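Next, two complexes with subunit A in common: one pairs it with subunit B, the other with subunit C.
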Partner chain A sequence: MLDALRNARAAAALIVIAAIALAFVPLFSSGYVMSVFILLFANVALATAWSFFSGATRYISLATAAFFGIGIYVLAIAHVYVPVPVALIAAAIIGFLVALVVGLSTLRLRGVYFVVFTFGLTELIHQVLNWWEVKINHTVSRFIFTDVSNIAIYETLLVAALITIVGSWYVNQIRLGYALRAIGEDETVARHAGINTTRVKVVCFALSASVMAFVGAVLALRYPYVDASIAFNSTWSFQVLIAALLGGGGRAWGPAIGAIPLVLLSEYLAGTFPHHFSIALGLCFVVIVYFLPGGLTRLVLRLYHSWLVPQLKKAEVL
Partner chain B sequence: MVLFEVFINGIILGGMYGLIALGLNLQYGVARILNLSYGEFFVGGAFTAFFTIMLWQYNPLLSLFISMPIAFAMNWLIYQYLMTPLIRRAPDQDALDADVVLVTFGLFFVFQGLALVYWSGDLRGYTFLSTPVNFLGATLAMNRLLALLGACLIAAVLFVILRRTRFGAALRAITIDPVAAGLVGIDVRRYSALAFAAGGALAAASGMLVSTFISFSATTGVAYTLKALIVVIMAGVGRVTGTLAAGVLLGVVEALGGYLIDPALTIAINFGLFMLILLLRPTGLFTRA
Partner chain C sequence: MQAGNGTILSIRDLRKAFGGLVAVRDISFDIPEGRIFGLIGPNGSGKTTVLNLITAELSADSGSILFEGREMVGRQSFEVCRARIARTFQLVRVLPYMTTRENVMLGRMFGSAPTSPAQAAQDADALLERVGMAGRADLVASQLTYIDQKRIELARALATHPKLLLLDEWLAGLNPSELRIGIDLIRQICQDGVTIVMIEHVMEAIRALCDRVAVMNAGDKIAEGTPASVLSDPEVMHAYLGADDAAA
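What follows is the complex of A and B.
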């Protein structure tokens, strides 16, 4: 118990130090480094939010791009009428509400059906929005005019990623988190144990969606214009899914660990060898499933316990 | 009269959807493996046909003798060496589904990446049997009719094998309950591998037939995987004639919707219909309750 407490304190201290260090990065770095970090924070927040619901319940969702895209569009439409912060909050709220409606109607689907449904949902919203823009508004894209600096975007996403990780950690400590994991273990048993499974699932799905919509809205500030194909690009859904699985579940910081190598790899490969990126991504999937079933989290924990702890004990730090 | 032509076109389109979905239904119905790299074998079949007519100047139908055995062998290997360890390890169907979705999706990325590297991302197409014919008063291209005939032929052969032979009875038993099938002495793993491989071969065949009238590229596979998946889920897992019927339903709704409402909305109509069916009848239209 004491040990666990010490671990938790050490982890908290580590996070605080890392956060403060990261918050000062913009002072020293070039525009390119900043943009990589922005992408990284966005992916960390998205993967953590995805894993918060899908990792725990094993409802594999491909609707990340749908909520992400909703966030982008809310910002693109709203920033003309209201201040940017209001538009960002509106994006999160609308993402939450849409997920509430979607969740109520679809969360009784299990397994592959849920996967395909969420993928279809993204495509459906994409197509209908595209049609609505072309037919009703006679346009294909929307311009985004804001004067938000890159530093502000950087700090906002850093805070968003931290809040998502800490929030996901916190929810795992309370009853809601236990209920969520119980559903992942066995939904029927969870229901018989008195858990209102529908309410738990829908609330958590909507929470995770609101983070996705918020991140989408913040990233939209960087785009000069958006259209439905940019906003509802399913690549986001897949990349987030891989990051979360590469990181592994069970720990709130797991998806973040997975997002880091993936973003760096895609930054490096996507620009120079786009086809090879897709091959590498595919091999990544296969390797995760066969050789890293617990993700990088398990690897890190194993290294920590079997190597770092003895080393530290030997050096009489612990 | 125009409406009738639209309707006939919908049927032809739907026959194509059914054709593409047949192999996937065999894979998912019997082997219980949802193969998300399915569409890549469709693309492989299409490219083989393309090279056969453009490069070697033979009848593209002959390409079936190359593409189907290769697809069969590759899918058999995938089942034996990639899927079997997962099946052994998985505690339940949900866990297996999650693993399989990831691995086959990874394969999809690998195959698509390789196709892009070696065949480039250009849109390909060729003309074959594009002579117009009169079909029930509507004018159609011969190659579309050929694809419809191919779909009906393949469905009929599958139906006869599944209903009339001992082999088919074993496959149906596995579809209903793989554990019980093993208990009565059916070699579940061997038969599942064969069904999975046959499904892959059908993907290649449908790719060849469809490539005679629709252009394709290295990246079109995923769209067909998705279409096939929609049809399979609409029809219900393991139903052969149902697959064709669901395909036709989808095709007709798409054609009529595009004509009556707006052509820009066809994909949306597709997904709308699919989601409606998924919500109302999650086990499919043609399964017994």
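What follows is the complex of A and C.
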């Protein structure tokens, strides 16, 4: 118990220090470094949000790109009429509401049916939107005119990533977190233990989707224009899934430490071998499944307990 | 609140078919409050299905299930649990990656008297002690023996704070000394005010514990009464042993 408390304090201190340090990065860095960080924060927030629902309940969703794309489109449409912050919040709310409807109608599907459905959902929204734009609005793309600085985007996504991690950690501690994990382990037992599983699933799916839509909307501020294929690109869904798996479950910071190497690797690969990016993504997947069944989380925890703790004890820090 | 000898659960004309197979055919019975009621019958006779209907794991085709006068048909499982009906499963079900304590906490946090995780952890430890699992609270459930997993299930069911506890072959697979402990435990739970319905094949336990027994065969209720009278009924012998043995 005392150990857990000390660990929680250490983690909190680490997060606060890292957050303050990261908040000042824009003062010292080039545009390129900033854009890598922006991508990083976006992926950390997405992977954490994904894991919050899918990691805990094991309802594996490939709808990340759907909600992310909804966020992009809400911003693209709304920024013309309302201030950018309002458009961002609208994106989060609409992502939440769409997920509520989708969740109510589909969360009774289990296993591979749910996976396929969420994948199909992305494609469905993509095609419907495309049709609507062409037939009704007589356009294929929308321009985004804003004067939002890179620094503002950077800081917004940093805060979004932090809130997602801390929020996810917090939910793990309360009854809702237990309910989510119980659903993941045996939904029948969860129901018979008094958990309103439908409500828990739908609300958490929607919360996770609202983060995805928000992140999409913020990233859209960097695009000169968007079309349906840019917004609803399933690569996002797979990349987020791989980041979360690479990170491993059970800890709120797990998906974050999976997203970091994946984003850096994909940045490097996209620069050096632009055409081999998906091969690398596939390789990552294979490596995780075969060599890191518990993800990086388990590796980090093992290193922490078997190496760092003895070192610190030797140095009389602990 | 009803008197000690009232009816806590009243089942009327309950029916459930799976395709052409009628698993439960229009059966009726009353469960007296504060007692232990036995539900016996050969494999496949529909006993588990009755439990699944009471706890809304399955939805009834027709009929009525009144618990303390309130209709349970049409409710969801979590509502039945919160109405204070708890159960265990014939094929033991624990949350495999959670610890023993967390398994039991779940019932405490979401049952009919929900508490905070901290309070639930305390209560869970007390319940684990009661079912003979003291000192194993921090073990991961999947690493435990079958018998210990059954104990977890019982503690989790009790944690929801039930008035009616449904046990589906909870004593199956216990060795003679464990059986004696199990029988005492069930009796103790009943003495603490919980009405129990137990599906059981262990006749020794039925004789030792039950005031009343209903016998099912191929979806029908074929007999009901005290264990002694029911177990000497020729139709019951026939159902259990088959025609030739009963005639012999």
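Here is the rule we go by: the second predicted complex is superposed on the first by the 317 of 318 C-alpha atoms of A that agree within 3 Å, B and C clash if a C-alpha of one lies under 4 Å from a C-alpha of the other, contacts with A are read in each partner's own complex, and residues count from 1 in each chain.
FYI, a contact is a pair of C-beta atoms (placed from the backbone, for glycine too) under 8 Å apart; a residue touches a chain by one contact, two chains touch by 3 or more.
As the structure is a computational prediction, the values presented were derived from the model and not from experiment.
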### Task
Using the touch definition from the top, say if A:110 reaches subunit B (first), subunit C (second), both or neither.
first
### Task
State whether A:180 touches subunit B only (first), subunit C only (second), both chains, or neither.
neither
### Message
Looking at A:284 after the superposition, I want to know if it touches subunit B, subunit C, both of them or none. Which is it: first, second, both, neither?
### Response
first
### Query
Touching A:193, do we find subunit B (first), subunit C (second), both, or neither?
second
### Message
Just to be sure I read the superposition right, which of the two partners does A:221 touch: subunit B = first, subunit C = second, or both, or neither?
### Response
neither
### Message
Which chain, subunit B or subunit C, ends up touching more residues of subunit A in the combined arrangement?
### Response
B
### Sites on subunit B touched by subunit A in the complex
34, 82, 85-86, 93-95, 97-99, 101-103, 105-114, 116-117, 226, 229-230, 233, 262, 264-265, 267-268, 271-272, 274-275, 278-279, 282
### Query
Can you list the subunit A residues touching subunit B in their complex?
58, 60, 105-106, 108-113, 115-117, 119-121, 123-124, 127-128, 130-131, 134-135, 238, 245, 275-279, 281-286, 288-290
### Query
In their complex, what parts of subunit C are in touch with subunit A?
55, 57, 76-78, 81-82, 86-87, 89, 93-98, 102, 105-107, 109-112, 114, 116-117, 156, 160
### Task
Can you check the complex and tell me which residues of subunit A touch subunit C?
173-175, 178-179, 181-182, 185-186, 188-197
